[in-house]
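Letters A, B and C mark the chains in the order given here, with residues in each chain numbered from 1 onward.
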Amino acid sequence: MAQNLGTKKEVIPSLIRSIDANEVVGFDDNLTKQCVLHIEIKDSEENILEDEISNIISIKPSTEPPVSTPRSENVPVDRYFDALEGPELDILRPSEEIVLPEDKQWPFLLRFPISSFGICLGVSSQAMMWKNLALTESTHFLHVSLNVNLILWCISVLLFALVASTYLLKIIFYFEAVRREYYHPIRVNFFFAPWIALLFLASGVPPTVTTSLPHFLWYVLMTPIFILELKIYGQWMLGGQRRLSKVANPSNHLSVVGNFVGALLGASMGLKEGPIFFFAVGLAHYTVLFVTLHQRLPTNETLPKELHPVFFLFVAAPSVASMAWAKINGSFDYGSRIAYFIAMFLYFSLAVRVNFFRGFKFSLAWWAYTFPMTGAAIATIRYTSEVPNIVTKFLSVSLSTIATLTVFGLLVTTILHAFVLRDLFPTDIAIAISDRKPKTVRKWFHRRASSSEKDIEHYLKYVTSNEKEVEVSVTAKDVENQIPLP
Amino acid sequence: MAQNLGTKKEVIPSLIRSIDANEVVGFDDNLTKQCVLHIEIKDSEENILEDEISNIISIKPSTEPPVSTPRSENVPVDRYFDALEGPELDILRPSEEIVLPEDKQWPFLLRFPISSFGICLGVSSQAMMWKNLALTESTHFLHVSLNVNLILWCISVLLFALVASTYLLKIIFYFEAVRREYYHPIRVNFFFAPWIALLFLASGVPPTVTTSLPHFLWYVLMTPIFILELKIYGQWMLGGQRRLSKVANPSNHLSVVGNFVGALLGASMGLKEGPIFFFAVGLAHYTVLFVTLHQRLPTNETLPKELHPVFFLFVAAPSVASMAWAKINGSFDYGSRIAYFIAMFLYFSLAVRVNFFRGFKFSLAWWAYTFPMTGAAIATIRYTSEVPNIVTKFLSVSLSTIATLTVFGLLVTTILHAFVLRDLFPTDIAIAISDRKPKTVRKWFHRRASSSEKDIEHYLKYVTSNEKEVEVSVTAKDVENQIPLP
Amino acid sequence: MAQNLGTKKEVIPSLIRSIDANEVVGFDDNLTKQCVLHIEIKDSEENILEDEISNIISIKPSTEPPVSTPRSENVPVDRYFDALEGPELDILRPSEEIVLPEDKQWPFLLRFPISSFGICLGVSSQAMMWKNLALTESTHFLHVSLNVNLILWCISVLLFALVASTYLLKIIFYFEAVRREYYHPIRVNFFFAPWIALLFLASGVPPTVTTSLPHFLWYVLMTPIFILELKIYGQWMLGGQRRLSKVANPSNHLSVVGNFVGALLGASMGLKEGPIFFFAVGLAHYTVLFVTLHQRLPTNETLPKELHPVFFLFVAAPSVASMAWAKINGSFDYGSRIAYFIAMFLYFSLAVRVNFFRGFKFSLAWWAYTFPMTGAAIATIRYTSEVPNIVTKFLSVSLSTIATLTVFGLLVTTILHAFVLRDLFPTDIAIAISDRKPKTVRKWFHRRASSSEKDIEHYLKYVTSNEKEVEVSVTAKDVENQIPLP
């Protein structure tokens, strides 16, 4: 092994950047135990990762015969379900191992998840809400200044620039990590977040900045959403690993709500056919999602068993849809009201259970769950213009207050986590799962216990036989996956 | 044991009223066999129950060490599925035992199920239909007197008062029994019945009694429906034991139809936003229910395998929805027609199969299945006003006739069961299931057969070890429940 | 056995025509092996079949005790799922046997499937498209002659006459084969095809032939569709073997699209209520189907795992629905646009994946998958009239071109298969499956291997015991079917 460590320096730096997970994993399965013994921990983040990867890679030309490691292009979706748990599918199951060292701090970019765009969603929707509060006649009695909108909008733009440029760096330097986020069945929905945030920014643009946006902007913003939808909805329809009966989760709402936000912006700009197109696509797939999520199929493994902030995403689509339809149609008619009242019922249905939301581990993704509240508040302001009375005005004010307080509370929590607890960006387990089932842990310890001294010898044997076990278990796995196990 | 029987008289009477099922069951598991030997059968219904409970309770301070009996607040929903079968989930499976003596007649209130409100639904909807027949222009040619409406309405009011006050007594004296009905996955839907019946009474109020109902009445009637919906729909969405992929059953229509009946009454009263709210909530959840019931997921254990009168509930929601939308909208437009025609198709689809409805055991719940027919008849009368021709007039008359004949036939059957067969209120097994899995019957007999004489000794041993088995089987059960077994 | 063969000539010819599958199968299970030895192969197709059936039937009065063969009226649906595979459920699983000789050519009529009506769908929809291209103002710039419509329409009529009369012969001479197609879970949907093709013919009738069709024609054409729907949708709702969670497959779209084609024709004729009726029925069941197909429940065994031309059926319903609604409503309003845009999204979603459509075995059913393309093209022409600009005109022309080219390509392929490869009508395995599970093949060979010489003796024993095994396995099967295995 010593000579392998010697070759460490020869590893080309580009290898460090793109973590070729398959390569790593292939050997990880066999040799991790030995490797771990040789890792020299250094302080620099980069170095640790470099070491880990170098170690693993440098072993490559060893005398060890290269056991058959089937190279799969992507981590199969079942691996995510097998290896992870929790409503955001980001907690490693006890039986699993990860390909990166868990006890060391990873490079910042590797710990910067796509869900960070949730912050942009939360703040930019607030900017839009305050614009509505200031400009809508029904809330004139509040005398809200347009400056609140202006300030929030500027903050949103800055935040977006910051988050987007950071994530861009991640794309450049750790493309494999981004790819793994994209294949993560929950995370993939967050790839809609940047574009929805931009749509909110465009909708919430302060009148002092501009009052008319160019049409091409809408087309530019809707293109990535359209492409992502072709991909995601196609996966639902055409089945395979990512079929809806398997991946349905409230976070899928993010993949639908973009249609309605886009339709709203487009119709506000004066476009006609485009917004209806997205409204129609959204409506069809929202129906599918609404029914599927309400059914809670036993195969929907990622649906949170308990109440969780993610459920507030239920409110997003119908509340934005009601506004979009009102804009398309020119009036807040029965269609808009039906959508609005569905949103209100869902909101209320969650609000009465809000005291169940306890003991959840804070995560950046929570930011994404605040924009539906803001959306509901904006829809209520819109509805109040239509039906102005004391009840609706009270509702407008309270929903806006709740939304603002929630965002503020989350801001405080985020700052607390960022600067006091210093754990805002924890190790992102979700992208570091091995793409193969690890050895069954129990069996392993049992063997170790029984044959205490001949560890390595036994271990190698074990791996060799295990290698076959993996093959078999993969096949068995496929069969199991068809049976909707929890 | 003798001294235990002696303590029987000390049991406070309140204990008899509230059957603390958990307590009972805990001991039932261990000692039923012995208890049964000591029960002195008396003629009075009250006494039998008293005896049973007293016996079980009085054993409490015996020398028997109190085996660990996990106190669960409610009977878990899985127990209902495990212990009961049939489309109304009211037949005990052969392997199960109940906590009350099956061979004795229980107190009347314990045998008075929530489904008795079905009678009110059936009769009050008839009152409403005859009001429509008398007042709608398209059926003027029938020269129906408003007196029919008046008489039926008065009967309905009396019936409702009777049923409601009886059930109120049940709530007061046997709250635990009511709670068990509420947790019963099918029965819970019947908790909507009293309020829907009241809505029908309000809609069918004879013009001679009043022509304008106060608005607050609507709000009063819709409040319990709204609260129940928050509960029921929330259970669908938020999952857990009562998720829709598990409990979906045609009787769920009762939980949806209230929205449309409420919307219809509200819109008739001149309200605007409230009716649209309930219409929207109804529409969204009706879509979910319609799709789920049509899919017949393998996990929907309670969906009747064969044709059953309960299927007529399919007709209720769309026929009432068509009228509600017509009232909200001011005209019987395309939306109303679409709902109406869906109702007609479903009605016809069931009608052509009506000869399959044979050999089913009559139950009071059947009354609830007549109001959809009446609803379809009323919707047809409404549609006939819109499209008056010979076909629609014929349809109006025939559907009204069928509905009236069905109600009349059911009335005769009910009277027959009440006064001739004297089995209108049979033992309500559904509320008396034990909240734990009983010992596996086969195993039991096998053991008894092999060791014929040392019964009690073996039995006690068996129970002790079984106690652990229960724990294990509960865990195993949880896993099994995830796999949709039949 | 010899005397049995002697009785062969006594078999009445009518028996040959109606293959009483149950009779055949009952004996097939026991005696096939022996029978096969005695079959004298003759050249005439008829004779082979005659021989096969005669042989089997003539054995009837043999000394063999008639083992209990439960006579079931129809082949149960589970048999189709167990015995067949592939997206069209027409490939025999390796473990299965069929009741007709696989290695001989069957009579032509037995090889003529109901899916042949797909050709009529493909060509008659083309006739309708060219009528629209010629008559719609937005495509006047193409200067399409009405003669194209006339020629295509005449070809369609001829084709329909040809296919229909051939199939009529099959109904007369091989009613059992037709019945087996009707019970085939995929094929049954093709029973809608003749009526939809007639609706297309009526819609596409050249103005030179007639400009006004009599109303009764619509009623005549819609009656069989209505009856089939009562049957099919009733099976979905009322469950049993053919419940939607089991049979859902893109070919179900054929059972829904008839409603919209009928509504379109009816509304074009000036009818009002009838078209809305079918539109409503179609809408309700399309929603169910759309959601179910998108969910890809693990119990939907027949859903193609990979991309397959059948997916183009997704485009049919919404594109025809948009035109139907426009006709009913009098204008291409928001409702029509929503349906149209959903169709476009689905079309595009499939088009971008079109390069995955490779390596599939051509079948006549493919013709049925071309009419959705034509439907989408017609809807686009209609939409272009509403929104005439360069993009929509380009879209009209390209979609029409694609549809025509596809039909032309399929025509060439069909001719190639018909006259060059001579395999246009291959052995139709789907109708010839045995209605009982065959002996487990693996077990069989194992036994043979171990007891090499006493084959026949063992075989007969095996069959006798297997006879019981079948009974058991049928029961076990029922349980298995509840569990959604792949």
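As a convention for this text, a residue touches a chain if its C-beta (ideal position, glycine included) is under 8 Å from a C-beta of that chain, and two chains touch if they have at least 3 such contacts.
On a predicted model such as this, the values are computed, not experimentally measured, just so you know.
If chain B is disregarded, contact among the remaining chains keeps them all in one piece. Of all residue numbers seen at the chain B-chain C contact, under half occur in both copies; the interface is built from largely non-matching residues. Centre-to-centre, using mean CA coordinates, chain A is 42 Å away from chain C. Chain centres here are Cα means. That of chain B falls 42 Å from that of chain C. Chain C has residues 287, 291, 297, 483-484 in contact with two or more other chains.
If you check the complex, the residues on chain B that touch chain C are 287, 290-291, 293-298, 303-305, 307, 311, 314, 334, 337-342, 344-346, 348-349, 352-353, 387, 483-486.
The residues of chain C lying in touch with chain B in their complex are 229-230, 233-234, 236-240, 243-245, 248, 273, 276-277, 279-281, 283-285, 287-288, 291-292, 297, 299, 328-329, 479, 482-484.
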